[in-house]
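Right, one structure below, let's go through it.
Letters A, B, C, D, E and F mark the chains as written, and numbering starts fresh at 1 in each.
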Amino acid sequence: MAVDALFQPVVLFFLLGALAAFARSDLAVPEAVAKTIALYLMMSIGLRGGGEVAHTGLTSAILIAGACGLALSFLLPLPAFWALRKLGKLDRTNAAAVAAHYGSVSVVTFAAGSEVLRAIGMAPAGFMVAVLALMETPAILTGLWLAKRGQAQGDAIAPRGGLLHETFFNGSVVLLVGSFIIGVIAGEKGFAPIAPVFDTLFKGMLCVFLLDMGLVAARRLMDNRALNLRTAALALSLPVTNGTLGVTLGLAAGLDAGSAAALGILAGSASYIAVPAVMRLALPEANPGLYLGMSLAVTFPFNLTLGIPYYAWVASHLHGMI
Amino acid sequence: MAVDALFQPVVLFFLLGALAAFARSDLAVPEAVAKTIALYLMMSIGLRGGGEVAHTGLTSAILIAGACGLALSFLLPLPAFWALRKLGKLDRTNAAAVAAHYGSVSVVTFAAGSEVLRAIGMAPAGFMVAVLALMETPAILTGLWLAKRGQAQGDAIAPRGGLLHETFFNGSVVLLVGSFIIGVIAGEKGFAPIAPVFDTLFKGMLCVFLLDMGLVAARRLMDNRALNLRTAALALSLPVTNGTLGVTLGLAAGLDAGSAAALGILAGSASYIAVPAVMRLALPEANPGLYLGMSLAVTFPFNLTLGIPYYAWVASHLHGMI
Amino acid sequence: MAVDALFQPVVLFFLLGALAAFARSDLAVPEAVAKTIALYLMMSIGLRGGGEVAHTGLTSAILIAGACGLALSFLLPLPAFWALRKLGKLDRTNAAAVAAHYGSVSVVTFAAGSEVLRAIGMAPAGFMVAVLALMETPAILTGLWLAKRGQAQGDAIAPRGGLLHETFFNGSVVLLVGSFIIGVIAGEKGFAPIAPVFDTLFKGMLCVFLLDMGLVAARRLMDNRALNLRTAALALSLPVTNGTLGVTLGLAAGLDAGSAAALGILAGSASYIAVPAVMRLALPEANPGLYLGMSLAVTFPFNLTLGIPYYAWVASHLHGMI
Amino acid sequence: MTETIIRRRIEVLADEPLIPAIERIAASAGIEHYTLLPTQGGMGHSGRWRDDQISGATAKVMFMAVTTEDGAERLTDLLSPLLATHPLMLLISNVEVIRGLRFD
Amino acid sequence: MTETIIRRRIEVLADEPLIPAIERIAASAGIEHYTLLPTQGGMGHSGRWRDDQISGATAKVMFMAVTTEDGAERLTDLLSPLLATHPLMLLISNVEVIRGLRFD
Amino acid sequence: MTETIIRRRIEVLADEPLIPAIERIAASAGIEHYTLLPTQGGMGHSGRWRDDQISGATAKVMFMAVTTEDGAERLTDLLSPLLATHPLMLLISNVEVIRGLRFD
């Protein structure tokens, strides 16, 4: 199963990109296109999730999953912060910034994970997209609270509308939530004519995107001056512990094995789009080389290759036991 | 019907983009991609229209519709110019520039309108694409004539090939006309292998484009210093009067209700791609904030949400009466 | 047959682009998108070729075709170099740089050629993609050897990893070979979910790309100061002789008519992506206006319109005779 | 011969998300007009960066304004405390503009 | 030590559709060589603009040429009447180039 | 009033594939920090070029570094022999930076 997951074209294109970057090839996906594919993936995930929720209606399972997701996103930064301070030897600001990334989620990890789960017959429920959207922002709030405790406020360069505004109206949050709502409104009938773009093309587009992710992650790893053994080890152990916690909580709350695995993937994944954008504004002293190095260059590749199969394995084995 | 039209995903994505911009979200579609989708839409519209004309051949209805379109594009700038001078209090140059925009057409409004008409069983004839192409340029000629009457000629910065050259070889005109001709030459058999791109993906691509249009239109509205109450009111009343005139003329000339509605959409729409590009060269003293503010930030959203259903409603009610 | 090939939408869009550029229209495809489509075409060609090889397995025909391709790529620069020196009156460096382009191959010419061959019932074998990949680099080695014979080495600006590294890890080489391998690994089952992107959309994407190629080639021709009658004539005669040689060799080696025609297309085509990128580094004194002018602005349009049908004609007539 | 006068060109390289704040600070220094220029990559104390739009967070933009000696000084005074803590680069140079056009 | 000489750097910010005309005017001032640089947005008397390619009409490009004192004066003289009526910004500054390379 | 000091701004316009080599040469001149700026097209002795990414070979990038007088001289000395044979343009000018920040 894990091996099958590794030989999916999406994963292979990620590895191709990473190998090309390590070999110092000049291969590059133009950034404007890579960004557009990221937007496309969010639109597609949102629309399809919304469509499924329109189909099933608001069930208690949705509310439970949503509550689990919110709790995870709010609370996961706390133990992460502790570990980053004590084991990672990071200062308060950097530890808080990194902790926020690990409490939040990665949309592309979720997308790739859902495809894998579907392929092995553990398709997660459609409403997990809503959980994904719910989990993007709470961790940012916890992270900012951790960073600012007992610190003088008032930065000349702080965003005018306040950080909360930046957090909730971050482009990727708006697009994911908006597409989800459009998916709910449009329903199956409204989605049908746009399905050729937002459904049929999804996996192929993911291949192009992951080729670029491989290039970007590997180049970032090579350029990086911020990672050391301690932080790299944390970038591997945080997803494992968070993911295991997510799966366990999901199963304990009564979710099906596929949805619990998806919750584990969300908990184990680390943001590299929404959270860095806010952190650059909110905590400019924090080192982007560190938080993007950890989330994008270490945790993302780990989750894509080993993490996802592991969370699925945990979910399928714990299911029935809990 | 009008309500149904408003809940199409294409319209909802436009609204999402506009809301994101008003909320000062950092959501943005990279411009290189937005421009490519605009090119794609023109290729697709041209090819499909050409294919339909290849199918039906050159009928008298085509000639009549073409004559109506030409007449509208040449003449609509005249009353518009008068209104912009008298009611809008604009100087000659700005009034002429804006009038040219309203005599010309918006390709995306036509595209969205055609989808709506098709959805409500009033599909316009395929040759309306040829009418669209015919209507792009004559208004520019009228506008330039209005601006230059009695003025000294010879601008050091004027394009070498002359303004007529810029008008007829504007990129969007060339691409639309060229794709139409390719569609005619290729016929159904030639179109089949490229239909997955130029037909199947059309509505989904329109969603991405309209998301960007929402962002661009709303940001332009917020940045705008050129619009005032008078000009904004004209940006709402010009499409209504021009559109009603277009529908009426179409029905009077014997077009079917769908094609007459499409002629109304064309007459009521205002250019924001081809005409501004020419005006920037031909009338550099005219204020782009004004003409793009009116056509892109006011008239386009109006047409997309209320105008199109209104023109369809007029066409279906007047049909049979005339 | 040749006429049919000329009226394919892909060719028509190329002509449209060229006409627009010659008419000094401002039509332009954003470069970021054009580059991405080039990457897409390589991914798609690689994946599909790899998939077919996974299906048929490693046959003796593959080994023979590969050997022919390698031989052609290594050796074709030699007579080309002689002709460019004697007939083209080029200095050693420029002659060597141009010769390398003509020994190597054009991925898009191959793609367009394969579509034409398929359309006329002469579909080449899937493994010809592997031959394409094999033929990209050897000509560069021959070209560099021709240029550097008896010259002082050691350029301050030379790439650190050495020129061989740049040659083999050139982005387009890596992507084509990598996608081919992914295609082999994924097989039919793995390819199915991404086929909507990498198979169904192929011809339509090729249309958009060729529109841009028409613009780029024609603008390059107009801006060019490096081409003269001699070099332009060579840019027409080199593909014809190389292509005829390729077809003949392919048939003599026992390939089917379609694959021999494809070998002719490869031999007759000239690189304008991989080789220029290496030459810019390896032979900075060579004139890019010359080698890109010849390969992109003369040979590519020739092959697309007349060359491909000619190679197909030769293959179908010689087949059985040899 | 067209007469020219000397003005100051201020350039500020900053992370894209900080640009609205820079615009605001410039306005508070009386500098209303500016031009934004794209960048592609670079290397500084904090390492190598590339215009990597996936996480747009590390893309940088060059803010450029032509202003008077006084305007430049006001903006420099407002920005210089930030230069120590924030990832900004500030450059000032002389530039000639045509006398009679407004650059203040 | 490589010897350098002083030349003039002229920069003209203009709407993209006007660039061919600027190139033509520069050529008529004897300036054949130039570089075009992209821009991303800005703010001027006519308000805020962004590189909005949908209607490419308002995108701007920076035309930059290094030339002699005389060349710069000729181009300034040709452009300055246009600056009042057209949306252009013209900047001139000194720049050193390596003696012996052609910059005239 | 914030105190400024004068440094040298070196700009090198080079073909994109040559940029890693330029970075290396700059480092060997002791210049570690730089910024890369995109370009869009231009005209020189070798004719007109456009940012044509299909064959990325002819796209150009502007390498820009702010450094000391000495650093600038070292880099100029290293690059000037290449200027004759390679398609490079090198410009040097003065720029003021804030005293106390590192630009060496």
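Please note the rule applied: contacts are C-beta pairs under 8 Å (C-beta built on N, C-alpha and C of every residue); 3 or more make two chains touch, one makes a residue touch a chain.
For clarity, every value in this text was computed on a predicted model and none was experimentally measured.
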| item | value |
| --- | --- |
| Reaching chain E from chain A through chains that touch each other, fewest steps | 2 |
| Fraction-based call for chain F against chain D, same above half, different below | different |
| Geometric centre distance via CA averages, chain D-chain C, whole Å | 45 |
| Whole-Å separation of chain centres (CA-atom averages), chain C against chain E | 39 |
| Centre-of-Cα separation between chain F and chain E, whole angstrom | 19 |
| Junction residues of chain D, two or more chains touched | 17, 37-38, 53, 56, 93 |
| Two or more partner chains touched - positions in chain A | 26, 30-33, 35, 196, 201, 277 |
| Residues of chain C defined as touching chain A within the complex | 30-33, 35-36, 39-40, 43, 47, 161, 165-166, 169-172, 174-175, 178-179, 182, 185-186, 190-191, 193-198, 201, 277 |
| Of chain F, residues touching chain C in the complex | 15, 17-18, 20-22, 24-25, 46-58, 78, 81-82, 85-87 |
| Chain E - residues contacting chain D, complex | 13, 37-45, 60, 62, 73, 76-77, 80, 83-84, 89-93 |
| Chain F-touching residues of chain E, taken from the complex the two chains share | 1-2, 4, 9, 23, 32-38, 61, 66, 93-98, 101-102 |
| Interfacial residue positions of chain A with respect to chain C in the complex | 7-9, 12-13, 16, 19-20, 23-33, 196, 200-201, 203-205, 207-208, 211 |
